[in-house]
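Please go over the structures that come below.
Heads up, the next two complexes both have chain A, just with different partners, chain B and then chain C.
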Partner chain A sequence: MLTNHEELVRVENLTKHFSLGGSYFTKNKETIRAVEDLSFSVYKGETLGIVGESGCGKSTTGRLLLRLMEATSGSVFFEGDNILDLSKEELRAKRQDFQMIFQDPYASLNPRMTVEELISEPLRTYKVKDRKDRLLKLVDAVGIPKDYLTRYPHEFSGGQRQRIGIARSLALNPKFIVADEPVAALDVSIQAQIINLMKDLQDEFDLTYLFIAHDLSVIEYISDRIAVMYLGSIVELTTSDRLYENPLHPYTQALISAIPIPDPSFLREKIKLNGDIPSPMNPPAGCKFHTRCPLAKDICKQIVPQLIEVEPEHFVACHIVEESLI
Partner chain B sequence: MPDVKKPLLEVKSLTTSFRTDRGVVRPVDDVSFTIEYGQILGIVGESGSGKSMTSQSILRLVGNRKSEKVAGEVLFEGQNLLELKEKQMQKIRGKEISLIAQDPMTSLNPVYSVGNQIAEVPFIHEKSSKKNSWEKAVAMIKRVGIPSAEVRATQYPHEFSGGMRQRGVIAMALAGNPKLLIADEPTTALDVTIQAQILELIRDLRDETGAGIMLITHDLGVVAELCDQVAVMYAGKIVEKAPVEDLFSEPKHPYTKGLLASLPKLGDKARLTPIPGQPPNLHHLSTGCAFADRCPFVMDVCKVVHPNLQEDGPEHEVACYLYGEEERHANES
Partner chain C sequence: MKETWRRFKKNRFAFVGFLFIALILVVAILAKWIVPFDPYYMDTNSTLTAPNSEHWFGTDQFGRDIFSRILYGTQISLKVGLIAVGFSLFFGTIIGIVAGYFGGKIDQILSRITDVLFSFPDILLALVIMAILGPSLTNLMIAIGIVYTPIFARIARGAVLNIRDSLYIEAARSMGVNSFQIMLRHILPNSLAPLIVQVTLSFAFAILAEAALSFLGLGVSPDTPSWGIMLSEAKDWMEISWWTAIFPGIAITLAVLSFNIMGDGLRDALDPRLKNER
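Now for the complex of A and B:
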């Protein structure tokens, strides 16, 4: 459990809008509100999980935090500096400290580079000394045999490729890693290997993770705290234990009750959500979840609920929960 | 009326082999199972285990080229599908047996309206009139829970969301009133809340129509929710077969045990126990058990001869020398 709550990353009012369509001749004013007014912190040494369904903005959030994509507005403070204000050179120097692990180990590795070249590329770029030493330490840490260094990515299975990707992201001794669905493309038996590896590396290298996934069992297992996103906003944020023991937001409750449990004797009442996730192009007014919420009232259709702390370390954005407190 | 004595589908020693430039591979190797009317059989396995190839072999979607060979028997209501002519097979596909594929975007044709594609089924198989076929398509769309069916039928796949598309595919699969439904990873591309809706729909349809369902998935959670019987596949072979409760409460094969142990469980933060190593390459299989290299209980005999699937407990079959008669043989030698 986390005892110190030293902030490594603080996100304030982060927003990303994509403008859609439109060509040279036609101006199209439609925008996708991918991420809207997010504020949260990532504590040093923790794993913050972000979970949500497709299109909820979880991957966009990860990319904005590393400035792989420019935000529309808001700030991201990394150890006190606003990353979004840094110049190109400053950002480049800072990039050593935050890295990314990608979902698809097939697409994220250059097929024409050997394992050695792939892993030492960041070392070369940042002119690190004793590269060979560092390289050997890295492959050892992620469990790739040394005699595979001259091989190419296509000679590896998905799990091994993900190990290579992880070694690459660790090369520069980062403090913060955004992992975007790192195990979603892997088979169950391999998935467990990678999750264990990520946990071990976190202890060994003092890493802080932002772990993005759609799989709730995986997220619950690896995270210390979890943020649940729906259509670009955080609807609930709390510790992983509390989220599963006492989910307060109706969306979180439905999401958790929909997890298929690998135990046929496990009986439970499922909360059924009707309908689909609305398009982020025209998100519903008020609480974005009101169109599918079994508890929705009039107020939900009009006023956007704020993320409020309903008990220590438990934030919820829901009018119904808020009312029940009074 | 279905013949009560004969099972709906009886697959006997199904073996699919491909001749490749690196030698012969068998993605499906001596697979046998039965599906009764109204039963849901789950086939689980990881990528490359041969689960999808099994369904394609049953539907005769492979085996039509010189380099492909499908052997064994696929008895559908007693009739061996592997002996049928392609013309006869076409009458069965989509009518008696239909397929729900994983990705609804690729199984729907983007240039025809969804209603059009569903109406094709009664139009071709039942020789219905155009008008009747269309009405039937609209009724099917309604039945799978798509609101405003009349309008939806005239729309194209890109106008549907992922979950709605998969409902459309299910409507198409059900339009011929099939006796057997093969669902190949039907919810893998969908979000959890949508997955829950689709699983419920499949269960309801089974209850209503009494069709048998073969559900192919890698997700043990989905298996536990939906299936009656489960077959676990590894490197082209069934390694364990059991009623769903038994498989989860008393898994026997070390691979099944390993799979269950590697899943993160809600509320349990103990370290995961992955299966060491990687799944085998079908080009380099030994004559022994394909799981031997990764198995914590491996014995000498495992590396030489592949164990047969044998009964160990009621309806519970396992292919492993740790169990049954073969265990004694192993200990003797």
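Now for the complex of A and C:
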């Protein structure tokens, strides 16, 4: 578990709106509010999990943090520097410190490059010396046999490809890694291998992870703290243990109750959510969850709840929870 | 590269094409020493002789040996094909990749320029360019090159648009690879296949365009042994002497066919994903 709370990344009021349509002739542009006013910190050495339904903005958040996408507003401080303010050159230099592991290991590797070329590309880009040594160390760390270096990605299984992707993201000795659903495209049997590998590598290379997933069991297993996202906002953020033992936000409660338990005799009350996730094009006013919330009151429809610390290291954005405290 | 070559050799059909092109190349280099007659020499005593043991492919209306002229013709055809297509491949690919990769205003400007070039009929555009540059073999090659540049630009741009938003491009960007490197190492190799096929087609067109322009008096001088000129001249005589037209025609057909099948084989060989098929 965490011993210190030194901040590595601090996100403040991060917002991303995509505008849709709005060509020359139609002036009424529609806006998708993918990420809205997000604030959180990632501590050195931890794994912060981000979980949510598809379309809730979790992948967008990951990309915004690495500035693979320009944010609409807000800031992302990495070791004190606002990444979103850096010039092109400064950003390039900084990129060594934060890397990404992609969801789809089939699409994220250039099909015309051999394993060796793929993994040494970042090394060449930053003119690292003794590339061959580093390369061998990396493939050894992720468990790819040396004889496979001259092969192409299509000759590997999904799990092996993801190992290649992981080796590549580790090449420059980064401090921070955003893993965007790194196991979602893999077989369940392979998922555990990759997650364990990521855990081992975290110890070996002193890594900090931002782990994005939609699978609650996967995220529980790897994360120290977990942020639950709904329609572009964080609704609950706390340590992994507390989130599963004592979820406070009604949305989190519903999610947790939906985790299948491999015991047919175990009866549990499932909280069913009605309706679909609303469109991020015109999200509901007030609390965005009120349309599906079993506890919603009038106040929820009018005022946006703020993320408040209800107990140490436990943040919730919900009027009902807030009221129950008073 | 070794791997590509190994895969290419496996494809017999394409390999035959390659061998024939190699043969054309050798003939072009050695033409001076292997021709049985001087291709410029007019033997007025034996005009339009049918193929015989002396003149294998017969003689033309001036009594020049057709076989020798065809061997010499490889030089012109290869030269025009290589330089004109090389020109359009080089500039077209750069324009297409830059337009496709950066998009926005740059794309708008480059695409509109290629559209304008595209809107003229091939030969007419080549004629205009030749009229500006003046008739010579070099200018002919430049003119054909300019005419075919928009085709390569458009194909390259289309291929780039297909892969620009691929995850591996984003991955490269996330690792700090700069735009130039991304275009060179990721985009170019992955958009090469349709360009290679187009090279083989354009090679054929270039050989034909050279013939047409030379016939109109804007290319090489009429006495030069070029397959196109031979064919054009033969049209007046082919009713009484078929060999004047048939042999240059066969030469053009074989050369064009060889380039096409070699291009197909090369496309397959360049794609590692097709490796174990066939």
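We adopt the following convention: the second predicted complex is superposed on the first by the 326 of 326 C-alpha atoms of A that agree within 3 Å, B and C clash if a C-alpha of one lies under 4 Å from a C-alpha of the other, contacts with A are read in each partner's own complex, and residues count from 1 in each chain.
Quick note on the criterion: a contact is a pair of C-beta atoms (placed from the backbone, for glycine too) under 8 Å apart; a residue touches a chain by one contact, two chains touch by 3 or more.
Model, not experiment: these values are computed from the prediction.
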Quick one: on chain A, after the overlay, do chain B and chain C clash, or do they fit? Just give me the call. fit
Return first, second, both or neither, reflecting whether A:D104 touches chain B, chain C, both chains, or no partner chain. second
Go through the superposed model and pick first if A:S54 touches only chain B, second if only chain C, both, or neither. first
Let me test your reading of the model: by the given contact rule, A:Q96 touches which partner, first (chain B), second (chain C), both or neither? second
Hey, is it chain B or chain C that touches more of chain A? B
With both complexes superposed on chain A, which partner does A:T125 reach: first (chain B), second (chain C), both or neither? second
After the two structures are overlaid on chain A, angle v-u-w for chain B, chain A, chain C in degrees (C-alpha centres, nearest 10): 80
With the two complexes superposed on chain A, say which partner A:S217 touches: chain B (first), chain C (second), both, or neither. first
Aligned on chain A, what is the least Cα gap between chain B and chain C? Give it in whole Å. 8
Pick out the shared contact residues on chain A: the ones touching chain B in one complex and chain C in the other. none
Touching residues (chain side chain B, partner chain A) in the complex: 46-47, 161-164, 191-197, 199-200, 218-225, 244-245, 248-249, 258-269, 271-276, 278-279
What part of chain A is in contact with chain C in the complex they form? 66, 68, 92, 95-96, 99-100, 102, 104, 107-113, 121-122, 125-126, 152, 154, 165, 168-169, 171-172
Residues of chain A touching chain B in their complex? 53-54, 157, 159-160, 187-193, 195-196, 199, 214, 216-218, 220-222, 241, 244-245, 254-255, 258-266, 270, 272-273, 276-277
Of all residues in chain C, which touch chain A in the complex? 166-168, 170-178, 181, 185-186, 189-190, 272-273
